[in-house]
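One chain, chain A, appears in both complexes that follow, with chain B as partner in the first and chain C in the second.
Presenting the complex of A and B:
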């Protein structure tokens, strides 16, 4: 599974989200590759991603990308991230 | 034994003194500590080193675009004009101060972990880019102050100061952060070196917005949210700034001098006024491109470094609060962050006018032009903190004060940056500015007084934060208590009626 985490600059909160998503995926026992991107280049980096995680303010910037977008409110909330990921497991 | 000495010499000069290799090694060591597979360790180390070199490549592009801009402003106004952009000033400082700042970041991180482990200041600062900027800032001001040949002292004292500031600022901001998150003991801390502004905004909000409703209750137009895209906002603002000063130049600069301004960055003097304006346009785009390249490099480095740092911190100080980058508070106040950004920009422009007509001529301070990235993130954060304690009024006033702080304080900081202060850029956020200026002024005392006084300063900061954490934060004090009770009573009324 390929997951893309998006934040405004691509090196602040998205890295935090990536680390927590990796933890959650490990817990769900899903082999995955999690990458980060800033909102400027996210449309390009989203190619081939199975799921995009981002915050509410940025979600509308990603409208129209092929992968589903999940909004995460609290980037430190393991339960929230886990349930967002679980929705998209096949 | 001479072969042994030459090997050591080779390692220290040819490897450990080259910032890119050093950063790559740090990332690799971090990944090894996290028990990653050998392939990932090699890839991570290589990527971090290349990220650093990409940073340097971007710096060249930005510097080429900023040099004629600085020249243009100087000829227009007679003053030195500066656009504060952390990424740019760090990239420009990298070739001279990169190695020292790399050591400061690693040793500073260790100092922070020790403080988090053995004092009540249990914070782990994880905002990687701000760690890079702070370590660069300290390497610069300490080197300028201590003078040549004192590199070891720069690294040692710089690391102590770095470790201290990373735990004390989150502690001072915690009561306000608790208000933002809406929990008496939030599991988050703010780890962004604009904390001074956030505290000022939170405290002012509590004072001015006792009966002000939350900005989140209003429907706010989303039309300005495209500015959240930093590539767009940075380039747009630079276009405006560049064109304003270029058109100004047409009126005040003699024609033959005017056409020479872009001579060094294009293939010669501009052919006429039209070519001159379009050269300005092209240079503004170049600035945006350079910043994009630098950010790409920063992204690669931090993608490797931050998880490694966090992995180590998790093991040594389990349960410490993560101090995170400012956008972490934006979901708690999307409207407030937009209000804060706009009023911060207004505050910045008002202060710029003050610098131009009064402070600049009298005290010789540079003109600090508004940088879009700092106003967006810092102003947005200040808006959220102001709203948390003082509603709409708090968000507006807090953002405005932030705009003043991140314009006036960088002007002072420039005076202690030595020759780098002429680089047409500087550090943007309030903590870099106040902490850098204070240490820069102490550093002027030279050896051996300066390092000693800095240690005293560091101890005082830790002591103050320790007392504050135990007496204020841990006792459950929250700002703006009367407003909270008022909001409760309003809510009750609403449910009764």
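Presenting the complex of A and C:
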């Protein structure tokens, strides 16, 4: 599964989201590749992603991208991230 | 590679009991702490405020916690963190995670520079006991000790 974490700058906040997404994926026992990007390159990076995780403010800017978008309110909340991921497991 | 927290987060970059009047001032306090510790120059502080003006308060990534930062640029002398705990929380206009009581300033020379440090910060904040200890810390060295323990 390919997961793209999108934040404003592509580092900083998306690294936190990426780390917690990787932990959640390991817990769900799903092999996955998690990458990060900033909001301006997300459209391109979204090609080939199965799922995009981002924050509410930035989700609006991702309208119409190639992959489904899940909004994460609390980047530190493992349960929230797990349930967002679980919705998209095949 | 050991995490050298005393370089990344020296006492000069730790502010406890700050009282900014609004979110812009809160971000500026985090930026000034980075300048004080020698990590950045003043343009970076302006860029940190501008980032929120341009993209909204996405930096408030969890209830009460904001990670203030801007793109790597020449205004970053070396990578590092600042730690600003607010005596009075401020609103950043985030729909879910306001008000903010902790602003962590982040400066990186390049996007990779922060991985270890951010993992330690993220790990410590995600653990309830460590997060409570961080909120109660009264000295820079206590904060560094908690982050070092989280880095493992």
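Rule of thumb we're sticking to: the second predicted complex is superposed on the first by the 90 of 90 C-alpha atoms of A that agree within 3 Å, B and C clash if a C-alpha of one lies under 4 Å from a C-alpha of the other, contacts with A are read in each partner's own complex, and residues count from 1 in each chain.
Heads up, the rule we're going with is that contacts are C-beta pairs under 8 Å (C-beta built on N, C-alpha and C of every residue); 3 or more make two chains touch, one makes a residue touch a chain.
Predicted, not measured: the structure shown is a model, and the values here were computed from it.
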Q.
Quick check for you: in the superposed arrangement, does A:56 touch first (chain B), second (chain C), both or neither?
A. both
(Q) Is A:8 touching anything from chain B or chain C once the two structures are fitted on A? First, second, both or neither. (A) both
Q.
On the A-aligned overlay, A:40 touches which partner chain: chain B = first, chain C = second, or both, or neither?
A. first
**Q.** Contacts of A:78 with chain B and chain C, given as first, second, both or neither
**A.** second
Q.
Just checking: does A:16 make contact with chain B only, chain C only, both, or neither of them? Give me first, second, both or neither.
A. both
Q.
I'd like to check the shared interface: which positions of chain A are touched by both chain B and chain C across the two complexes?
A. 7-13, 15-16, 19, 39, 55-58, 73-76
Q | chain A-facing residues of chain C, complex | A | 51, 55-59, 61-63, 65, 67, 69-72, 94-97, 106, 108, 111, 114-115, 118-119, 121-123, 125-126
Q: Sort out for me which residues of chain A touch chain C in the complex.
A: 7-13, 15-17, 19-20, 39, 55-58, 73-78
Q) Within the complex, which stretch of chain B touches chain A? A) 126-129, 187-188, 222, 225, 228-232, 292, 295, 298-299, 302-303, 306-307, 310, 322, 324-328, 330-331, 334, 337, 373, 376-377
Q.
Looking at the complex, which residues from chain A come into contact with chain B?
A. 7-13, 15-16, 18-19, 36, 38-40, 55-58, 60-61, 73-76
